[in-house]
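Shared chain: subunit A. Partners: subunit B in the first complex, subunit C in the second.
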Partner chain A sequence: MRAFALALVLVVALTLVVGVAALPPHGDPSGPVHTHVGAHYIEHGVRDTGLRNLVTAVLLNYRGFDTFLEVIVLFTALVAVLALPSATRPRRPGAPADDGGDRADAVPVSPVVFFVVRLLAPFIAVFALASLYRGHVTPGGGFQSAAIAGALMIALGLVFGRERAARLVPYGARAWLQALGPLGFALVAFLGWRLTGVFLGFPADEAAYALREAMVVSLEVGIAVGGAVVLAQLFMALDVRA
Partner chain B sequence: MTLFGIDLDYVACVVLFCVGLYMLVAKSNLIKKLLGLNVMETSVFAFLVTAGMVEDGQEPIMVAGSAPPFTNPIPHAMVLTGIVVAVSVTAVALALIAQIHAHYGTIEVDELKELP
Partner chain C sequence: MSAVFDAVMLLLLIATAVTVARARDLVAAVVTFGLYSLVLCLVWQHRGAPDVAITEAAVGAGVTSVLFLLTIAKTARTER
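Moving on to the complex of A and B:
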């Protein structure tokens, strides 16, 4: 097995090195990757989309379908994980523990970890909010915010126990919050269809500036909140009992 | 910086890819295979982001004070998509591995093959 793996890796490595050697030098602004559609986006992006952060413009506007399906992929992953019999499903608060109580509470946590997580949690939360709120003029946005907030919820779940961390997401709203990414996208997509005649279209004229902003903000908030809840839920669901 | 005329950034991506591929093929522990897959994914993301870089480029955010050259926004958006898909794949794979462990008590491929 090992010899086969080494031979395979060698063949793949040689192929890749030969391919990579033919690439134009990295960072050269006249390379083909920078002179076609990328240059067009940089030149016309702000006028076309009204978004100043061009990564967001590509993500939500030029390649909106891609991102729509991407949030559906994330949601589908959660559905698939929860559908497996070994997954730990979220319980209604106050419901009796199914077996053996809360595993995360039973794991001893070092006082150092406890202190550090408690100390940093508010700052991480502010960072997540800031990267969402300032995402249009600084590097950041919905997905980044979702990753930071999801990581925060996972850290809190590890230190304070699943049960207490789960209270961050109200049980009744959880089903809707998990699906907020795809739902927000679907709503905005159909609204765009109604307004412009194109699925996921954004009204282009100057008068619709506020509406366009509102649509983009809804998408970003949906991605951030939905993504964070899905990430935390994925982690909690994987807390399987041996 | 180059190595035998090839950009070192690209060489690093190839090395990372091959490390991941070796882990994926040679290891029999399913968790280690999954780690290998993640290392391979990371190398692809690094490669794409590297390809989007421009010498002395700024982040492509059009605010007061930003001036060309800008880095290419498309690889960034594509890698963002890729990361989300990688997270989804990892989560589902981990859940399946946990399921396998709950059923058969092992996650070693060679032991699983010998099961009746």
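Moving on to the complex of A and C:
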């Protein structure tokens, strides 16, 4: 059995090494990455989509359905976790906590961690906002912003206790915020259908610049807020009592 | 220089991955996995994908480590 496992590992490793060795050099202009659809995107991307950033053009336009389904996958993951019998569901603020005090669930953290999180939190928040705001023209975007903001909320939850961190997500709007990614995508997709006749289409002509920017930014905001809330709620669902 | 950097990073990735797979102490495995994500983050940055690097650092090294640690706190610390 051990010999078989070793042989299997060696065969797979050899296959991977041979495969990687056969890849064209990084940045080779004649590589299939640059001659296949990539060449079309680079040549026609700006005219096809009207977007100034080719990554955004691919992510939201050429591969818009992929991104839509990614957002749905993220939401489905949260639904699956919340469906677990052992998951901790968010409590209405003011509802009697079953453990007594407000900070009873805060794990005691070292003063160093406490200080560093408090010091860095505003900067991380600004970074998340900046990568959202500039995301569709520079590296960054909705998913990056969601990851940064979600990690920030989890860090705050670790330091201040999740009861207090949970207040970052308003209780009443919780369900809507969790679903903001798929909801925003669906709204923009139907709007695009109405305007261009194509589901998830964007008006590409120069005259529709403001409208197109608004649609793209709405998508990014939905992805960022929805994704961050999903990450934070995944953390909140894993309640641990000492 | 670039090739040396790549080689060192890839060796670190393999080393951390093997360490994660072999660790009996799951907390040690999670910490090493965070290190793996950090090295991978540097690789993405070096390969000119800063957006992927940001996500790798936040989700790979940050969020998943916390979720794994909480799961360990709820279950058991060592592999059986």
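Heads up, the rule we're going with is that the second predicted complex is superposed on the first by the 225 of 242 C-alpha atoms of A that agree within 3 Å, B and C clash if a C-alpha of one lies under 4 Å from a C-alpha of the other, contacts with A are read in each partner's own complex, and residues count from 1 in each chain.
Just so we're on the same page, a residue touches a chain if its C-beta (ideal position, glycine included) is under 8 Å from a C-beta of that chain, and two chains touch if they have at least 3 such contacts.
Computed from a prediction, not measured in an experiment: that's the story for all the values here.
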| item | value |
| --- | --- |
| Which of subunit B and subunit C A:234 touches, first, second, both or neither | both |
| First (subunit B), second (subunit C), both or neither touched by A:66 | first |
| Partner chain in contact with A:119 - subunit B first, subunit C second, else both or neither | neither |
| Subunit B versus subunit C as contact partner of A:26, first or second or both or neither | both |
| Contacts of A:207 with subunit B and subunit C, given as first, second, both or neither | neither |
| Touching partner for A:8 - first (subunit B), second (subunit C), both, neither | first |
| Broader residue contact with subunit A after superposition on the shared chain, subunit B or subunit C | B |
| Common interface positions of subunit A, toward subunit B and toward subunit C | 26, 55, 139, 143, 231, 234, 238, 240 |
| Contact footprint of subunit B on subunit A as seen in their complex | 1-2, 4-6, 8-9, 12-13, 16-17, 20-21, 23, 25-29, 33-34, 37-38, 41-42, 45-46, 52-55, 57-59, 63, 66-67, 70-71, 73-74, 76-78, 80-81, 84-87, 137-139, 143, 227, 231, 234, 237-238, 240-242 |
| Subunit A partner contacts - residues on subunit C that touch it in the complex | 47, 49-51, 54-55, 58-59, 62-63, 66-67, 70-71, 73-74 |
| Subunit B residues touching subunit A - in the complex, by the definition given at the top | 5-7, 9-11, 13-15, 17-18, 21-22, 25-26, 28, 50-55, 57, 59-63, 68-70, 72-77, 80-81, 83-85, 87-89, 91-92, 94-96, 98-99, 101-102 |
| Subunit A - residues contacting subunit C, complex | 26, 55, 131, 139-141, 143-144, 147-148, 150-151, 154-155, 158, 231, 234-235, 238, 240 |
